[in-house]
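One chain, subunit A, links the two complexes that follow: it is found with subunit B in the first and with subunit C in the second.
Presenting the complex of A and B:
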């Protein structure tokens, strides 16, 4: 049994129906199916507007799809009562792209990381403090940062706090929605390394949503490419992505910048990578 | 265009002075029974319209009542009922704004169009209409002002909730297993309330003006209860011989309303809050 199974999910966004204008609907996901095994990382790549983040929301249980099912550990996420869903939630966490809006600016790091612990673990005050200190150290921050507010952290540090919040409950799976895209290259590399370490330590599964094929390649075991709300192809051997004949995949591969700008040439308005 | 109130609110002294004035007024209104030299409704026609003396520091009015005592007691009515209007319209506006912002869809549409409808009327006209319907009296005025003011809070809160609902930290809280009630308590309210309180400070000034204006028109407070607007109305007959009967309560209203406006403006300046409905 796969950890996560998405079955024929179709989703539309519509405007509010009213008397004088017909409801307009935009199809953002059409017939999306994928499955993710325990302990693996799936990179979900696609251009902006491909429906990646919507799929992420559907998988997280935040947005009920119009059609289709999301099975997490064999159970339908949208057909369970709230008690079961609450228990399900602790195994399925998230790290968003924009680290600044992912944390409440009025809460300290301790309160932010402590929120999932408050909801699921009944820890004594001192145990809770110790757990939070350990989590902070695990993501490369120090226990002294506990009393700081989000305004006192940098973007990369805030992303580490979001990661600490996500791993606080020792989940089975984390959805990483463009989690490194807003960071500089050095921070990206460090966070990717941190995520990789956490994955092997806890046997985590990731759904790594990104438009950056290099970041996805670096951390993923399996790559899936999306375009216009559809899955173009899934590559169980991630190296196959470079030899794919699908036009959408070719475009993504062609967009990779070479290591040195001199190697970049432009022909017919299209960037060509020289290897 | 920058008004003089906005200019004044740039300095931190504006904040300190206006807050100090308001604290004094609030203290006066609470302590009125102990610091007022006389009973504000004690009629003594033998000393009517007397000039200031040690016994009556600001003189007496046409019924021989102590002006100073009436002014001090008047602060009670103005500040007390303005605070009541503020609290009640904030509470109701918070409820409606939260529901509209959180639920969205048809409920949101219906509630907000109703607010638009109320806002389409000039406030004072609507208040006069409601008071006309309910009959004159202070409680009727309070109810009418509440019915008119809550829509502004509701609209602003709804706007803030809608934009905040999309923020990732709300989604993250939900995924962390927090219930809707906890999300509202822990994440929405602490972020929504501070700017609303600042807006409320400005609205307090308006509420005091409205209470006084309606009392002046004879719709609000009924004699003999002392109230600033009603005092101006009563002093109107003696504008040539004893203009101070109108000037004293007028100055009170002026000071309180200016203080509320300057305080509100400097707080919003300080916290970078824009007024928006």
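Presenting the complex of A and C:
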């Protein structure tokens, strides 16, 4: 049994129903199906507006799709009673792109990471403090950072706090929605490495949503390309993405920026000198 | 023969923020020279002072809380210490500015055309009709479809990539001698990123504009820049030709930056095949 199964999900966003004008509907997901095994990372790539984040929300149980089913550990996300849902929430966590807006600016790092622990684990005060310190150290911060507020951290550090919060309950799956896109290169690499380490340590599964093929390639086992609400192709061998014949995939691959100026495509011919 | 005059010459720029405990330096002894028609890339991790430098060049820092010392010469004209009224004549006409987030750079309550014409008419004696014509033709040169329809649209009706191209059109329409682009593609997805870089390259070859390209993404730098300056902790630690920097980085930190990027198994023949 796969950990996560998305079955023929279709979703639309509509304008508000009004007497004055007919309701307009935009289809954002059409007939999307995918499955994710325990312990693997799926990279979901596509241009902006392809429906990646909507699919992420549907998988998280935040957006009920118009049609189709989402099965997490064999159970339908949108047809479970509150008790089961509470248990499910524990195993399914999320890290968003904008770390500043996903934490409460008035809480200290300790409170932020402690929130899921308060909800699920009954730990004594000292035990909770020790767990939080351990989590902070695991994501590369120090226990002294516990008393700091979000405003005192940099974007990369705050993203680490979001990750610490996500792994606090030892979930089975984390949805990473553009989690590294707003970070600089050095931070990006560090966070990717951290995610990879955590994955092998806890046997986590990730859904890694991004438009950056480079980052997706570095961390994923399986790559899926989306375009206009549809899944174009899924590559179980991620190297195949570079030789795909699908035009949408080709476009994406052709837009990857070069690693060295000698491979540049943008510049005009006269400046390209071989050294 | 007289040495060709630099479009923008910055010498010994020091920026400090005034705090209760005294002045805290943000940028120290910064030296930059931007040659006509060339692209100078400014790289560094977040917090290294890239954006503060560009704000200082544009004289947009609050003089009550920040101190800017040194000389900033735009084609021989000293900018540092200019009165706000004088500076306003330079901004937009002599120096174009492309901001990181196109969604925040426009006023949401005015149409694109309104904001475009405002910029043009502030700096020239064109009539409204001539200004509209100029705006439409510069939008057209940005490969934006149906420019006259676009002029009547509001910023939120356009996608990020389109808005960014509108912003480039606005900053380029008066043919400034220098354009400062602060992370112009960070908020865009890969396909839009490449398109925006192409437009920037086209404009500098056609109009001879010099571009100061600020980015943390070495891919962007290797695609467009002629020279690169690496910044760290408010200082420039290495300055070199882009090929030299990628082939023979001198500073340890530069080497670290170059290695930080996740590699792709894309060798050159494969890349050519894709394109």
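The definition used in the following text is that the second predicted complex is superposed on the first by the 264 of 275 C-alpha atoms of A that agree within 3 Å, B and C clash if a C-alpha of one lies under 4 Å from a C-alpha of the other, contacts with A are read in each partner's own complex, and residues count from 1 in each chain.
The rule is short, and it goes like this: a contact is a pair of C-beta atoms (placed from the backbone, for glycine too) under 8 Å apart; a residue touches a chain by one contact, two chains touch by 3 or more.
These numbers come from a predicted model, not from an experiment.
After superposition on subunit A, the partners subunit B and subunit C are seen to fit next to each other with no clash. In the superposition on chain A, A:218 makes contact with subunit C only, while subunit B stays out of contact range.
In the superposed model, A:83 lies in contact with neither subunit B nor subunit C.
More subunit A residues lie in contact with C than with the other chain of the pair subunit B and subunit C. With both structures placed on the common chain, the touch criterion links A:186 to subunit C but leaves subunit B unconnected.
Look at A:122: by the touch rule set out above, it reaches neither subunit B nor subunit C.
Minimum Cα-Cα distance between subunit B and subunit C in the superposed model: 15 Å. On the subunit C side of its complex with subunit A, the touching residues are 45-47, 159-161, 186, 188-194, 197-198, 201, 205, 216-220, 222-226, 242-244, 246-247, 256-257, 260-266, 268, 270-271, 273-275. For subunit B in complex with subunit A, the touching residues are 105-106, 109, 167-169, 171-178, 182, 186-187, 190-191. On subunit A, the positions that touch subunit B within their shared complex are 16, 57, 60-62, 86, 89-90, 92-94, 96, 98, 101-107, 115-116, 119-120, 162, 165.
Interface residues of subunit A facing subunit C in the complex, by the touch rule stated above, are 47-49, 154-156, 182-189, 192, 211-215, 217-218, 239, 242-243, 250-268, 271, 273, 275.
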